[in-house]
Amino acid sequence: MNKNFQEMFAKAKQEKRGSLIGFATGMDPNYKTSKKILIEMSKHCGAVEVGIPFNTSTSDSATIMDANMRAIKAGANTEKIFKLIKEVKSEIKNNVPFLIMTYMNPVYRYSIKKFAKKCKTSNVDGLIIVDSNNNSPEDKELSKELKKINVAYVKLVAPTNDEAFIKETLKKCSSWIYVVSYAGLTGSKQVNLGNVKKISKLIRKNSKIPIGVGFGIRTKSDVSKVIKIADATIVGSGIVDIVGKNSKNHNLTKKIGSYLKNLKKGLNKQR
Amino acid sequence: MKIPPFKEINPPNKNGYWINPKTKESYGGQYISPLLIPNLQKVEKCFEKAIKDKKFMKGLEEKLLTFIGVNTPILRSTELENLIGGARKVGKIYLKRTDLHHDSSHKPVNSFSSCYMAKHIFKAKKIICETGASMHSRSVAAACAMLKMDCEVHIGAVDAEKVSLNKDISELYGAKIVVVHDSTKSLLPAMASALRSWQSNPDAMYVVGSVAGPSPYPRMVRTWASVIGRIAKQQFKQITGKVPSTLFCVCGGGSNLMSMAYPLLKDKTEIFAVESAGEGIPTGRHGATILGGSKMGILLGFKSKVVMKSAQIAESLTEASGLDFAAVGPEVAYLHDIGKIKFRSTTDMEAKKTFLMCCEKLGIVPAIEACYVINAAIKEIKKRKNPRENHLIHLCGSGESNVARMIKFKRENE
Amino acid sequence: MKIPPFKEINPPNKNGYWINPKTKESYGGQYISPLLIPNLQKVEKCFEKAIKDKKFMKGLEEKLLTFIGVNTPILRSTELENLIGGARKVGKIYLKRTDLHHDSSHKPVNSFSSCYMAKHIFKAKKIICETGASMHSRSVAAACAMLKMDCEVHIGAVDAEKVSLNKDISELYGAKIVVVHDSTKSLLPAMASALRSWQSNPDAMYVVGSVAGPSPYPRMVRTWASVIGRIAKQQFKQITGKVPSTLFCVCGGGSNLMSMAYPLLKDKTEIFAVESAGEGIPTGRHGATILGGSKMGILLGFKSKVVMKSAQIAESLTEASGLDFAAVGPEVAYLHDIGKIKFRSTTDMEAKKTFLMCCEKLGIVPAIEACYVINAAIKEIKKRKNPRENHLIHLCGSGESNVARMIKFKRENE
Amino acid sequence: MNKNFQEMFAKAKQEKRGSLIGFATGMDPNYKTSKKILIEMSKHCGAVEVGIPFNTSTSDSATIMDANMRAIKAGANTEKIFKLIKEVKSEIKNNVPFLIMTYMNPVYRYSIKKFAKKCKTSNVDGLIIVDSNNNSPEDKELSKELKKINVAYVKLVAPTNDEAFIKETLKKCSSWIYVVSYAGLTGSKQVNLGNVKKISKLIRKNSKIPIGVGFGIRTKSDVSKVIKIADATIVGSGIVDIVGKNSKNHNLTKKIGSYLKNLKKGLNKQR
């Protein structure tokens, strides 16, 4: 398991609380502001997930599609996002782990081996590829490379997946597993707790890996409910929405800060 | 008329890949959120079941013959021959008339077959699809109307303007139209939008409009569509006693190409695919995935040649909405890379002039997409200058929905 | 596929008249300026020669099969059956799909045949025609393009607006469009204008769009067009083992009616012709020549039932440009008067609703003209309630050119 | 032969000149003005031809089509045109013969027998039916009826007709025969003298019937050329044009008068 994630989950356990993982698209709305946003997020989140934007995404809601398009317009590409993360990590004081979230094409085009190496040299702690299929040669290569360098390979499972699929996925997954809370797009519906329980049970049957839950978590109350079942919760559209609506506002990072501060209040495991 | 049966001659492996024996490069696969994996497995199972189900296939084929009208004629075109020296110099030219299908293109054969399977085997109540020239959505919507299913169509905002006739017809058939304003506002973001919608509606079935998308779509679509080529091959043998010397098809994603080429893959027919060179390949403003030198990429669930700008899918620029697809289907890329299919191209300007020529000299209003292939075929056939050859061109659509733009072009150029 | 040969079963006399044996009333004839008499004699001679010329007929039939695509399917429509109780209650309903022809209606069969004769036997360099829904002009213009002849189309100013898609396509085919502002600005003055133009161009050949005009046109047109019915009769026997119990066709001038009915005149098929009742026959605002109680009149070269106001030809009012013909062909009037063909009608509002129904329930965009027959057929079949009957409806055209008006109607009515 | 036509041709022969036959659509632009026009025409013409308008004419140029539509709008029908002619004839002092020019439908709808009788009682001297075919039952009945009452049945022959057709036509034709000078519509082209000579020769070979030539005769010089070959000349579009352009002008009849006066100068047979 990646050391920083290990620490994150250990510390949270000790404090009897869950972890908050915040997502933002890298370079949305531009390099400079994005850097400030990520630094702010690192102050409140257990981990930070940074999107490499892809213009033909097959799983994102309009909110994140718009963020992708803003970032691309601002010149985002794989190289620059790595640079961004590296700079942010060198400036922050703590060991908050950073993940990259993206689609297979940017990774594949960059070259899988080079991408893995670049994760290491840029202090990236984990990787989520939304459309990486367990059976693809790219997935095999990628999981092998990431394992070598101890970068977490966080894989997704969804309410529509059966146990066989979950078992298959667990084989490659490292550090934690991402549970999609409903059948739908990021941020398009309300978190579905029934689904979360069902899948978490299947996972627990087969593994002790920490569980992170994403899709549809926006409020303190969402966080609170999810954290009763899972180890971490991922909040994306809630943050990206603030970026989209305030991209030219001086108070942007402040707003994100107070949004996250409020969410954190829901992280307590005890009733 | 009986439809010649399907024979699998170029199957992908169990993970949905075609593998190049020399380079070991793989094409196809299933690159998609895990959410959709069960749906895809279900589609694949349904497809396997469908093609083995005699009663289902009989019902389907009857509808293809009487509703879609798939037994379209092959027309000998002495008019085209005479444009380039006559049959005695260049051989005989034949046109496969899928422009005479219900809803006027090759698309309905796949659309109807997929929807028929969705209804009777997948048991879906709703179909989700994307569309470019709206030929696909029009035919999916028609199938849904007849089969009493809901239909949701995703269309790029730019295309919705360009081919409004087909869009209006889709609406008359009862389809719900979702206009997509993402990215290039054309076919690719529309397909991404359709796939995203499927994730929110896993009980629906997604029906793709070309030999693209995650496995099993590329194989399923070419299998359904190959009804066209199976009939054409039989007809051609009846007319000329032989298989065609050459076959010419336009290539956006590759459905009309595969519909005709597939049953001829093991024959000695020389197969040509024609891409849109847009304003000219060197300008960078074109829709020529293969001839533009595209690299392998992964998008919309499959791995194939993709027009990209660094890791982003790039705009494919062409007059023809139906060719505005920044990739080719994986089996097409594979067949190109192993040398089985040759590629040619036509610029938008050449295609538009060919449109007017076809109207004026053939008495046919072709789909603008078909004009790319006619133009390239004429150029190639003229160059070959072989009087013993029998050439077959796939006239893959009728151009009612292009009339508004083309009559303007005609008036501006007179 | 071979086209079943033509057999003359209801010939007019040598002066081009059908005579009612009971009333001695005569229908047809040749009422035209003496200037045109020699042209008409020449057309008649050419026609007699053509139908006996084996090489000509072989060439023509090949083009009908491969260019027009005349071997269209017959579709069993359980969807229509189910609307009125299902096959077990009302019998089986079949649709003859001439909407799948090149240029999307029954019209091209006569248009192409007449132009082919004009080219190879009459030796004309130019064709003159009139048009209503522009279906006729579109197909004449297509034939002229392929046959390298000039084409002059006369169209009423009102119709030119209504169905501009077909008009634009005629223009793309290279036709010269003459917009006629006389009288009702619709089909009849357009036909008068075409006949007037022929007087100034006696070397051209005139090609009429229905079974109307001076002798030999009514007979010639129904003979050419009957290719459709000959094939349909053969197909129907193959499908059901019998001739149809009933046949339903819409009737403007009567070409699509005669195309199907002619080969069945001596069979026990009950034949129904459907007229446009416009806003309702009692309102006087309609296009129902027969059911409106029209008297015999003489116009445009022939004697038949004509909608008149005293001695003037009256407006025929209907949503469907193709039915906007204030008369029926003489053979049609004769067949009605001797009781061989029964008439029914459909109002414009019923037809427009039928258009939407066909889109939504059948997945077919019918020509608005065809909606009159579908509606009336459904009403009649429901009334007959005979599960042993096999009904045949002529789906005589596709409705691309009606989409603009109909999508507006749909949106206004939702 | 109709007596009035007989007189007309006899007088013209005596005076070594041809005859001018003027055409106007009855009730164009309305009953009252039309009456004045016809009276004026009777002062200058050897005979007057009055059109019963038909809205689906197959042989008229735009000029005469427009006149038809004006007259129909003014309420023209067969009955009123008969009344108009009857009134005009009772008011004029001379025996100028009047003809009706129309299409078969108005005659057929009126009933052929009634129409013939009405010609007699309205003092109509002749009838021209543009689209009456020699082989039609209506043509047979009509020519029989007209013969009984000595109303001239003037038939048309055209440059495209052969001798057989001309012979057939001559059998039914009475008083004079109408030669169409070119293949085309009334008033749409220039008179074609070659055609006129050719047909006149064919007629002369078979009959002594007077020949009237129409279509394309507008000027004194046209009249003069035609009259060298034929016995009469018909001027239609020239007059109707004046009506169309001056329908609200007080000088309308005067203009027609001077136009006809000028044309008459071309009637002299001698060079």
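So that you can tell them apart, the chains are marked A, B, C and D in the order they are listed, and the count of residues begins at 1 in each.
We take it that a residue touches a chain if its C-beta (ideal position, glycine included) is under 8 Å from a C-beta of that chain, and two chains touch if they have at least 3 such contacts.
These numbers were taken from a predicted model, which means no experiment stands behind them.
The chains that touch chain C as well as chain D do not exist here; no chain meets both.
Mean C-alpha position of chain A lies 67 Å from that of chain C. Centre-to-centre separation between chain A and chain B, using Cα means, comes to 38 Å.
Chain centres here are Cα means. That of chain A falls 97 Å from that of chain D. Taken residue by residue, chain D touches two or more other chains at no position, since every residue touches fewer. Among the residues of chain C, none is in touch with two or more other chains.
With chains as nodes and touching pairs as edges, the resulting graph is an open line. Interfaces, counted as pairs of touching chains, are A-B, B-C, C-D. Chain B meets chain A in the complex at residues 15, 26, 29-39, 182-183, 188-189, 192, 195-196, 199-202, 295-301, 303, 306, 308, 310-313. Listed in rising order, the residues of chain A touching chain B in the complex are 52, 54-61, 65, 69, 72, 77-78, 103-106, 108-110, 130-133, 135-138, 155-162, 165, 169, 180, 183-185, 188-189. Those residues of chain B whose C-beta lies close enough to touch chain C in the complex are 65-67, 69, 71-76, 79, 97, 100-102, 141-147, 165, 168-169, 171-174, 356, 359-365, 400, 403-404, 406-407, 410.
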